[in-house]
Each structure stands twice: as C-alpha cells, then as structure tokens.
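Please go over the structures that come below.
Below, subunit A partners subunit B and then partners subunit C, in two separate complexes.
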Partner chain A sequence: MVVFSFFIFDRHTECIYSRSWLPPSVMEGPTPSAAVLTPTPSSAITAIPDLEREHERNNQGGRPRDRRSKAAKAGDDAKLIFGTVFSLRNMVRKLGGDDDAFITYRTGQYKLHYYETVSNLRFVMLTDTAAPSMRNVLHQVYINLWVEYVVKNPLSPVEHKGGDGVKNELFELGLDQFIRGLM
Partner chain B sequence: MSFEAVMPPYNASDPHARFLSSSTLDFLLIEIVPMAYRVTHEVEALALAEGGTSGLESGEATAAAAARKMDEDEERDAVFFRLEGLGYRVGQGLVERFSRDRPRFTDTLDVIKFLCKDLWMLVFRKQVDNLKTNHRGVYVLTDNAFRPFSRMSTETGGQAVVRAQPFLWFPCGIVRGALAAMGINASVQADSTELPGAVFQIKTIPAKAA
Partner chain C sequence: MAASKASRLGEEIWKTRIDKVNSELVVLTYGTIVAQLVKDFDSDYVEVNKQLDKMGYNIGLRLIEDYLAKSNTMRRCSNFRETAEMIAKVGFKIFLNITPTITNWTSDSKQFSLVFDENPLADFVELPDDGRAQDELWYSNILCGVLRGALEMVQMQVEAHFISDMLRGNDTTEMRISLLRYIDDELPPEDD
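Let's look at the complex of A and B:
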C-alpha cells in the first residue's frame, strides 16, 4: 500500500495541514506546463494522481496555465480536494439522510479516504487504489496525534489560521512514523 | 493520557465511584497561562485609562506608548506574580489535604522527599527523577519528562523552550506553597533547557534570617 498525501481542513474550510509522501523526483515528474501542452490520453496513465490536471481536463476549456511554484500548486490541490469532498459529502447526505457519511471514492489512479470529526475537522488521505479502508487510520490520526499534539499542546493556538501550531515537531514526527508504519 | 487504564483501587460497579478526566486538568493548566496574560493586560489597560483621564489629553497618547514600551519585563513580572500566587494557594491546599495521614516531618529533607514523591505524583502523575542538594538549604529537582511539557512542541526553530517558560511559573507556585504549608520558607525557580525536561531549584530561607 502507498500513501500519496494527507490533508486536514478546519471548520473554516481552510487547509491547515498538508503532507505528501511522494519522493520529490516523482512529484516533479511531468511538469505542469508540459501536461497542458500535451494533453494526450496517455498522460492519464501516470503513476501519480494529479487532481488539478484531471480537473482541468474535465473543464476542457484549458486556459493556458503559467508556470507556478509547487507551493501554489499544492495549495490549489488542497482547494480542489476540499471542494470535492465538500460536494460529495453534501450529496451523500442529501441522498442517504443526515446520518449517512461519505467514506471513500476511487478512480483509476488513486483512492481518496475521508473522515469528518464531530468538531467539523476533515481528514483526507490519498492512497493507491488497492489500499483497504483508511477510515480507521484517519480516526487514529485524529485521536492519537491531533488531539494529543495539537489540541493538548500548550504552545498551539486554538484556531489554526494558516496552519499555525499544527506543523509542530511532535505532530509531524508522529504522523510520519504512523504513515510509514502502514506502508 | 485519558485513554490510560484506571489504577487498581477502583470498582466500576460501585455507584459511588467517582472519576475525573485528567484532560480537564491538562486543559486548565494550558489555559491558565494565556488567561494570566489577558488579565494582566486588562488590569493594566484599566489603570492606564484611569490615569489618562486625569492627565492632559495630548500627553495621554505618548504616556500610553511609553508605558507600553517599558512593559516587556514588567509584563513578565506581573504575569509571573499572578501565576505564582495562584500556584502558591493551590500548593498550600494540596498539602493540607494530602499530608493529613502522615507523621510529622522531622527535617527539611523529609519534606522535600514528600514533595518529590507524593506531591509530584499527585499533580504530575510521576515522581521527580533526580534530587540533588548541597546540604545547605539548596535543593535541585530534575524532572526529565515534566508532564505539562510532554506534548509541548513547535515548528523547528520555533523557540519552544523560551515559550515554555511561563508554563513553569504556576508549578513554581505550587512547590513554594506546598513548602510553606509544611513550614519551610523558600524561593523556587524553575528552568528548562530542553523539552520536556524541567529543573526546579529550591532555596530555603532560614526562619531566623527571614
């Protein structure tokens, strides 16, 4: 099993933490500009899920994208993921009733796992398609890492504007160990 | 910590058994420091406003600015006294409650041992790791994993040790209060060089000299 990336969204819908476990070389793989210039069907069969590209392909408009920094791209990915899980969650609730929960979806390239806490925190994880349900894992991250190292951390603020206080050493170390233990 | 098994002398079927979430104490100890800062600022603002009304209108702003500038150290001291005072009262109360079944302490070292073992266990759920003394009234208590610091962490280079200092002041007060309740006047200072460790230095003040 491979974990690609992990995101936390707070109740103000802001992405307060994101982390990728892809090796840097793979991350840079096909550059964004190249992907736009040659939107051949074969580009869909890359090893990495590139949500943004998929999104642009769906839009079909394809406004030419300028070269942007990786950080900006990651930010866009986070926004896109939030939009996706937010809509899916609402749709699921509309169809299945308020008690129903959106848990996961998978595409040909990746599987997205979703866990929402009572306090409206949203945990999202992207893995390969063969991965089993990670709901439990996300729950563990919440109770063993988030609550312990962020909520009970005296130096961490109550609101995590811009990811303030989440990116602390203990949390990052714990998360890394936990996720690498799964892989 | 809240997921830890409850220690033996308890009986789940006992309807009178009482449990307390240990997280509540953690959260209280966390919140007490920002609270002290807030209260200090409010008290100061109030004092400033009162002083300002009597003064000249034009001089008010500059006076306020000057007062703000001086404050770095003053603020630290004010918050320290506030937290230390609260801790002092708590320490006194704790000793009153938990030393009642003990024989009288014979000497200072006895008292310090009670502090390191029993009181530390009560408040921080572990014992002090190391106790040193020069036999002339100075005791150094080393806790390699001080509980309030166990989950304290910042980004790399986030000056965690500096920001952790205010969280030592309330425990300082507890120690001083506990010692006072057991008849020892002392000054207590705490320091941390690396999280989650903490070092408490107790200097007893001889009764005659004081």
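Let's look at the complex of A and C:
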C-alpha cells in the first residue's frame, strides 16, 4: 500500500497541515533533495496523482519549478480537496441522514479517505487504489497524535491559523512513523 | 435507555482509559488559583468569577478533544437531552469522577440544571468571612467556562452559571445550563 499525502482542515475550513510521502519513482527524479525523509509540506507535492494532472504533464521535462509556484499549487490543491470533500459530505448527509458519514471515494489513480471529528476537524488521506479503508487509521491519528501532541501541548495555540502549533516535532515524527509503518 | 448507556460508558472509560492524579493535588492547585485571583483583583469577586469562567472556557476548548478521543465519540448527540446525559455521566465522570444529577428541565428542553452532590473542587474550602464572598464569589465557576468552551467546539452555544453553592450555605450546589443556539458549519470562502 502507498500513502501519497495527508491533510488536516480545521473547523474554519483552513488547511492547517499537509504532508506528502513520495513514491519511489519520484525519488529518482531530477530533484533528489526533495526526497528526504521529512519533506516539508510545500515540497514534493508533485508526487500526488492529483486533481490537476493535465497541468502537471505540461510541466514535466525534468525542470524543477521554483518553490513559490509549488507552494501556491499546494495551497490550491488543498483548497480543491477541501471543496470536494465538503460538498461530498454535505451531499451524503442530505441523502443518508445527519448521522451518515462520507468515508471514501476512488478514481482510476488514487483513493481519498475522509474522517471528520465531532469537533469538525477533517482528516484527509490520499492512497493508492488498492488500499483498504483508512478511516480507522485517520481516527487513530486523531486520538493518538493530534490530541496527544497538538491539543495537549500547553504551548500550542487553540486555533491553528496558518498551521501554528501543528508542526511540532512529536506530531510530525509520530505521524511519519505511523504512516511509514503502514506502507 | 440513553441514561444507563451513558453511565456504563463513563464507568468503563474511567476504569480503563484514564490516568488518575492525586485529588488533593487538584483541590489545592485549584484553591491556590482562586486565592491568587482574589488577591490579584483585590477581592473583586465579580471579576474573579469572570476570570475563572474565562480560564475554564480556554480549558474547555481543548478538553473537548480529549473527551471525544477517550469516549470514542463518532456522532453528534441527537438532542440536547442526550447532550446533558453525556456531560453528566461521561464528561464529569471521566474528568472528575463525579456524576451530577440532571434536573429541572424546561418544557422546551433547552435548559437544565446540574446538581452536584459532591464537588471535589470545594473540598477543604471555606469562603472568606468578609461579608461579601458568601454573596458574590462562585468558587467553582471554572466549571461553567469549561462547559461553555467544550460545547462551543461541538457547535452548541450555551450559557452556564451557578445558582446555588453549598459553600455559601445553600442546600445544594446547582448549575444552570441553557442552550442558546446550534452553531452552523463554517463555509469555505467564495472563490472569485
């Protein structure tokens, strides 16, 4: 199983954390420095078989794009993903009742997993299409990593505007280990 | 039905998933905080109540996440009565090991009271004998803030305040909680 990327959105609909794990094919690409074990959220976003594949293809040719456009693209991706899961969640509730939950969707290239807490924190993960349900995994991330390392950190703010307080070492390391353990 | 399920859930979490601390440590720490506030605000008890509520609110904003994680809550309460059950039998149980009694519902099911038969925060406490504390200070006011903050994070705006306290010589310790409104989901900003 391969995990491509992971996002957290807060109740204000802002993306407060994103992270991607490179599949091996990209690690041999023209920018090996992007393939370090703990990629920053802004780097390596090209690894996702993402929503803008077409756009991506036009840019291929071994020329690494500059950081700013990558970061901007990562932000756009996050917004697109949020818009998508938010609409799907609302539609699911409309059809299936308020207790129904949107869990996953699958395309030819990837599978998107979704978990929303009662406090309106949204966890999204993109994996390969063969992956089993990751709902439980996302729930574990919430219980064992988010609550333990972000919420219970007395110095972390309550609101994570711009990702404040989420990017702490314990959380990032724990997440990385947990996800790599699955692959 | 919901009532007994909630008590069983609270009991089970308390037994299996909660790290316990010495209760006297909590009591004395809380007492120190209140005493310090009274000193800082020159025995302006109205202000002390306000500060305690504010501190509680900030605790509640975080505590709810721990509550949701420990109780494995996956869905919202279907109505405010169920919310009250979960607060009393799961929330108070797992964090303070008490289960206040839910009573005095209004007919529209939007207001209820929690009656505290025991209040661990108030152990060993005697209010100052200055003739005002007995009428003005709500010693355990932090709890009101905790509820307000925690419920706000799960999209309920509530108002909570004490209406009687055994420390003041009342027969019971009673907190009144009113549901003001359910908060709507926030929508993503419109794209141009």
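Miscellaneous remarks
The working rule: the second predicted complex is superposed on the first by the 142 of 183 C-alpha atoms of A that agree within 3 Å, B and C clash if a C-alpha of one lies under 4 Å from a C-alpha of the other, contacts with A are read in each partner's own complex, and residues count from 1 in each chain.
In this text, a contact is a pair of C-beta atoms (placed from the backbone, for glycine too) under 8 Å apart; a residue touches a chain by one contact, two chains touch by 3 or more.
Being a predicted model, the structure only gives us computed values, none of them experimental.
Within the superposed three-chain model, A:Leu170 lies in touch with subunit B and out of touch with subunit C [touch as defined at top].
In the superposition on chain A, A:Thr13 contacts subunit C only, with no contact to subunit B. Once the two complexes are laid over each other on the shared chain, residue contacts for A:Thr117 go to subunit C alone; subunit B is not touched. Counting the residues of subunit A that each partner touches, subunit B and subunit C differ, and the larger count belongs to C.
Shared-chain residue A:Gln140: touches no atom of subunit B or subunit C. Of the two partner chains placed around the shared chain by superposition, neither subunit B nor subunit C is touched by A:Thr84. Of the two partner chains, subunit C is the only one touched by A:Asp99; subunit B is not.
Of the two partner chains placed around the shared chain by superposition, subunit B and subunit C are both touched by A:Lys152. Subunit A uses residues 152 to touch subunit B in one structure and subunit C in the other. Contact residues of subunit B toward subunit A in the complex are 23, 26-27, 29-30, 33, 148, 151-156, 158, 160, 163-164, 167.
In the complex of the two chains, the subunit C residues touching subunit A come out as 58, 61-62, 64-66, 68-69, 73-76, 153-155, 185-189, 191.
Against subunit C, the residues of subunit A that register as touching in their complex are 11-13, 79, 82-83, 86, 98-99, 101, 117-121, 142-143, 146-147, 151-152, 158. Against subunit B, in their complex, subunit A makes its touches with residues 148-149, 152-155, 165, 167-171.
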